[in-house]
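Each of the two complexes below includes chain A, the first together with chain B, the second together with chain C.
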Partner chain A sequence: MSNPTADRQLTAEGVAAELQKFLRERTKTDWEPDTDLFASGSVSSMFAMELVVHVEQTFKVAIAGPDLKIDNFRTVNAMTALVLRLARADDTA
Partner chain B sequence: MTPREELAALLSEEVGDRAGGWDLAGAIPLETLRRLGTEGVLCAEVPAEFGGRGLSGLDNGELTAHAGTLCSSLRSVMTSQGMAAWTIQRFGTREQRAKELAALTRGDLAAVAFSEPQAGSDLSAIATTVVDDGDSVVLNGHKVWSTASAYADVLVVFGRYQDGAAAVLVPTRAPGVTVRPVPQPLGCRAAGHADVLLDDVRLPATRVLSGASVSLGLLTTIALTYGRLSVAWGCVGIIRACLTAAATHARAREQFGKPLAEHQLVARHLAEMYVAEQTATRLCEHASGCWDSRSAELSGASVLAKHAAAGHAAHAASAAVQILASAGSVDGGTVARAYRDAKLMQIIEGSEEICQLILAERALERVT
Partner chain C sequence: MSKEEPTPRLAVLGAGVMGTSITTLALIHGVPVVLVESDPEKRAGARARVERELRTAQLLGARPDIPEGELVISASAADCRGADVVIEAITEESGLKVKALTEVDAAVGADTALVTNTSSIPVDELAEALPHPGNLLGVHFMNPSYLIRTVEVIRGSRTGERALASVERLLTALGRRGVRVGDGPGFVTSRVLHRMINDAARVVQEGRATAEDVDTLMQECLGHRTGPLRTADLIGIDNLVDSLKVLHERTGDEGCRPCELLLRKVADGELGRKSGRGFYTYAVGL
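== the complex of A and B ==
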């Protein structure tokens, strides 16, 4: 955490691939990048929190306040955009 | 002394031998809570940048267990204050975090309000409304069994907002707020449980955490995860207090010409309580480890720790009353309090049955 920029070569493809891998492991299902994770009802609030914690830990970002809205976690694409935005904000901070 | 040891010593000093009296009176003196709040004990995980003690989850857990050995009512107040602080830390904007967390480490007392007459285990049925009106929001609703709200200066109220939900910081002195203490609670009698009526409570829109609508499920799950860990550690404290009381009594008390501890059926109770203490502690350490390392396993680990620790606490308290017998059957005493308090721990922050449903899902995931 002390030097976040050193290994912070995050690309949209890399982030999306990691998220899809995590989702596959946890739900035993493949998720398209634009599929709504919560629409089917098979993904619970407990799992939503798991996603928040996983994204924070994996990409070394802190997600708080307005960024915790569910729309940011609804799809792989949405999470990827969030991660890239927070990582950039961190680097320029 | 480490910061944790320093805060633990402060708790021991403030509680002294007064927990039984607080239980019988159904109240903890407000100045005691303010003093502990000012020292940052009640929400010791709040980072130093917000005026807090910045304890790790694990250290805060052990501190919570220590409070639990002394007085589960006080520990419940800590759980409430900590959950309020955590909700503000996670969902608050930068400004809200700075201002509100500073208040909670300067002596202001806080509670959270989830449950309603028709929304207990099923929080998706929350009916409290938060409605925009210009620069204000207006709240209406009925909350029940909000722990510590009888002492609180501010309540974190969970309600429906726009197309989702929000947590709103409601001062208990705001017009339209009525706090009605639960007359005679079964356990944690001095924890300030109360129902809260919200009747056209008008507040500045800046009191809405994050300033936006969020998912009710995510909001309550994140807030409750702190509560589950805190309750789990509190249960570890209950078990430790019971084990100490039972072992002390079993050594000293003689029947049939030898100490109780030398009677095998009593010794078995002691062994089971020891297993309970060790098991609950290890599960709590694991869950707090997940918390501190931001492991995705946290959500499941916190439910497991809470469920197991509460069950162990209920059994240990029952066994302790059994061993102390008449000496333990006096209200206000350590094991009598534990017996009543532990039962409530099987109900709050996810009942036994709700925890089991979640854990059963974990079990089924193994074979899909």
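== the complex of A and C ==
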């Protein structure tokens, strides 16, 4: 039986690195994994939906219900944890 | 919403940026909406655009924990029949708005309040061409409507008490606070903001600062929430130019004549967030 997470080889380091790359391209700023993207005001809350779509398309996960909240997208670490949790849930479904 | 007040019935004309945003605001507050869009292509994509806005509202914590209102998408103004309030949110062009409002007036009863979401055309100018001018007033919702809790309410010289009361009931149901202002080109917000955005764009046009630097200075020195040029991208640069033209034509204020950079961006299809590029770049449609 195939294992989607294994097929995608999702690791915390890999997910975080991809997210940091995307953020660097879009905001022209380097982001530490635990820095709140929205606290400084340099990233608008409207950018958060762009992050959601990027995460869904890049990591092939669906974000809905209680997971669709800003706290899951505040930091690279929060997004990484969400991606890994959703991908593992897919695998066990 | 008060238990004594029945849920208002709302119709929205135009499934563009503002029509979609206002529809989303209503649905998350449990208010049913008939969304009328005459353009087949825009109509076909309307439900998906509303769904995306509903997701954004949830993401940003703007969605009350109540059942969503029902959405009906229609091609015909006749389907506004039965609405308590009809809000037009179509292109910022006086003739088009009068035509749309006249069609709706023929479909709805004399008790239905008609609202223009114009950002700059005086209410009286539209009302004088309508069969029931007393039914019209202006409510200037900002984008995104579900995040910005205050709206500008414009009472024309002929706006009746009944229409005003209907709209105030709707705003209460939507959790919005209305600030009532006098009629005139651009009212308060557009008269002040759009001229300022035009000046900000002119500074970039003259090569004296980048868009990022203009916005950073306005945010970090003057406390502007997003910066004028990010705001331009959110409004839609084509809509902004239309509004500036209305202001320039009606006030004669040269500061409101759209600057070359704004006109060039419109000609190049760089309309802001909705087209994926304006002063900044975006994922298309976000």
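The rule is simple: the second predicted complex is superposed on the first by the 87 of 93 C-alpha atoms of A that agree within 3 Å, B and C clash if a C-alpha of one lies under 4 Å from a C-alpha of the other, contacts with A are read in each partner's own complex, and residues count from 1 in each chain.
Methods note: contacts are C-beta pairs under 8 Å (C-beta built on N, C-alpha and C of every residue); 3 or more make two chains touch, one makes a residue touch a chain.
Being a predicted model, the structure only gives us computed values, none of them experimental.
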Contacts of A:D90 with chain B and chain C, given as first, second, both or neither: neither
First (chain B), second (chain C), both or neither touched by A:S45: both
Chain C versus chain B, contacts on chain A by residue: B
First (chain B), second (chain C), both or neither touched by A:E56: first
Contacts on chain A seen with chain B and repeated with chain C across the two complexes: 28, 44-46, 48-50, 52-54, 68-70, 73
Contact set on chain A toward chain C in their complex: 28, 41, 44-46, 48-50, 52-54, 68-70, 73
Residue ranges of chain A touching chain B (in the complex, touch as defined): 22, 26, 28, 44-54, 56-57, 64-66, 68-70, 73
Residue ranges of chain C touching chain A (in the complex, touch as defined): 52, 55-56, 58-61, 144, 147, 212, 219-220, 226, 230, 234, 273, 282-283, 286
Interfacial residue positions of chain B with respect to chain A in the complex: 89-94, 96-97, 164, 209-215, 217-218, 220-222, 225, 293-300, 303, 358, 361, 365, 368
